[in-house]
Amino acid sequence: MVVDVLSWILLLTGGTFSVIGGIGLMRMPGFYSRVHASGITDTLGAGSILLGLMLQAGLTTVTIKLVFILAFLFITSPTSAHALVNGAMTNGLKPKTQVQEGEE
Amino acid sequence: MMFAIAMVAVLVTMGLALIRAWRGPTVYDRILALNSFGTVTVLFIAVLGFLNGRPDFLDLALLYALINFIGTFMILRYFLFGNYEEQGVD
Amino acid sequence: MNPIILIVILAFLAGTAITIARVRGVFVAAMLTGIYSLLSASWMLALDAPDVAFTEAAVGAGISTVLMLSALALTTNREKRPDRIAVIPLMVVLMTGSVLIYVTLDMPLMGDPNAPAQVHIAPEYIDGAHDYHIPNIVTMVLGSYRGYDTMGETAVVFTAGLGVIMILGGARRVMSWQERQQKRREEGELVLEEVYPLPDADEVDPEGEVHPIDDDGGGAT
Amino acid sequence: MSHLLIPRVITKILLPFIMLYALYVQFHGDYSPGGGFQAGVIFAAAIILYAMIFKVVEAERVIKPGVARALMAVGLLIYLGVGFLTMFLGGNFLDYDVLTHDPSHSQHYGLLAIEFGVGVAVAAVMITIFYSFVDPLRD
């Protein structure tokens, strides 16, 4: 019962933060702020949802696989984001400091 | 029920990331959306398994995470760290 | 829930396909093809075909995107804008599509227990896999019942590799880059060091971390 | 300093796990989704990742182009060899039942052997194609 409530909370939190990250990815102006938004999906959203699923699975192989997936995501997605921002910066994409009219 | 709600959230996020990938405007946005989309797809597979009551196919989620990483780096390597002149807005 | 998921994913697929057709940057198109593969793999998983989804994710989203990008690096980055709308190909595509849709109307519904495949051959596969204690029937069918087909597929993959070697790599490419460089230096033919300074053996960083060659694009370019 | 420092460190950490995962997919194919084809592709992807994040030259030191070419044929020959072995033992071509006394074990061994052949062939072909594609760029 406690486990169910906990996993409800975690899944709801994860879902909410995923959608928030998605909306940020959609609505934020400029590339660098979008990176920030996608980070929410990659860390808090994914982490909470996977934790909630782990609680539902109990101590089985499924949980071990979920732990692996979580570890993998936590290692790879910041690396990708870092490399992406690094590449964009090196290639001279300027951060957007003001919202200009007529752009999104 | 909780899995259904999580699934809806995941699908909505997938859609939002995809719209960013479709619209651009710069290449970097598309790569970012691809990366984010990959993460959400991993979540999609995990939640789908639980939703159908058969969480046996999580190997696939691991594979997706892996492929997403490799794919993102491949694109970055060719696109950003390569010697291509036409970067930026496409 | 499952039909809704399928419909949503199919909508995503359609949007991605339209975007692929519209963008002009070839790299972007290759990248979107990767997204398309990932989506179709998810769709196959939702249809309960994990083996196919596995293959699609590994091959479609992984290797073929990589090889496509490597191949594109050999050509230009831009697709040529067509002079006019090609009418005849459009007609052909539309006709083929409508014929295919028309044919699907005659096919059995998804999961129909009376479909020919279900009554005729599937029970035999299932019984065989049960008798031999092999849980994954797909592997069983691939390896045992269709062993000849799989052998043919392996031969096809092998032939594909041979074809690429024969088109792109002459005999000299069997040597690695360093060996070739060494040979050229011995022959006094060509010195690439001015472009890509080749470190001497004792100058190479033991960790292999930083080589001069890297900073202008490294191996990829 | 290279822009690829952090990716390199992370790749170094991850590569063993990717290869282990490829082996898992390879040899667990009887029980879960996967098999030789997918495992070969994952293994090749690991090598390609290494080649891209480090250098193609470094990857060529791990798996030489000539070796990759030879393995292409070796994979197919393993498959064919299993077929001829079963013929030699008195069965039909690729009839695994004759491999051991227990038909169930025979099936498992036969499937493992041919999947291994497929995996080797596919990995070698993918690596070879990759080498062929990137090679002209360097000269």
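As written, the chain order gives the labels A, B, C and D, with residue 1 at the start of each chain.
By our rule, a residue touches a chain if its C-beta (ideal position, glycine included) is under 8 Å from a C-beta of that chain, and two chains touch if they have at least 3 such contacts.
Because the structure is a prediction, the values reported are computed rather than measured.
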| item | value |
| --- | --- |
| Contact-richer chain pair (by C-beta pairs counted) among C-D and B-D | C-D |
| Relative to chain C, chain with the most remote C-alpha centre | A |
| Euclidean distance of C-alpha centroids - chain C vs chain D, Å | 16 |
| Distance from the mean Cα position of chain C to that of chain A, given in whole angstrom | 27 |
| Distance from the mean Cα position of chain B to that of chain A, given in whole angstrom | 10 |
| Multi-chain contact residues (two or more partners), chain C | 50, 53-54, 58, 62, 66, 70, 73, 218, 220-221 |
| In chain B, residues with contacts to at least two other chains | 14-15, 31, 56-57, 59-60, 62-63, 66-70, 73-74, 77, 79, 81 |
| Residues of chain A touching at least two other chains | 72, 76, 79, 83, 87, 90 |
| Listing of all chain pairs that touch each other, if any do | A-B, A-D, B-C, B-D, C-D |
| Contact set on chain A toward chain D in their complex | 72, 75-76, 79, 82-83, 86-87, 90 |
| Residue ranges of chain D touching chain B (in the complex, touch as defined) | 3-4, 7, 14, 18, 21, 24-25, 32-34, 38, 42, 45, 48-49, 52-53 |
| Residue ranges of chain B touching chain A (in the complex, touch as defined) | 2-3, 5-6, 8-10, 12-17, 19-20, 25-26, 28-29, 31-33, 35-36, 39-40, 42-43, 46-47, 50, 55-56, 58-59, 61-62, 65-66, 68-69, 72-73, 76, 79-81, 87-88 |
| Complex contact set, residues of chain B against chain D | 56-57, 59-60, 62-63, 66-67, 69-70, 73-74, 77, 81 |
| Of chain B, residues touching chain C in the complex | 4, 7, 11, 14-15, 18, 21-22, 24, 27, 30-31, 34, 37-38, 41, 44-45, 48, 51-52, 57, 59-60, 63-64, 67-68, 70-71, 74-75, 77-79, 81-84, 86, 90 |
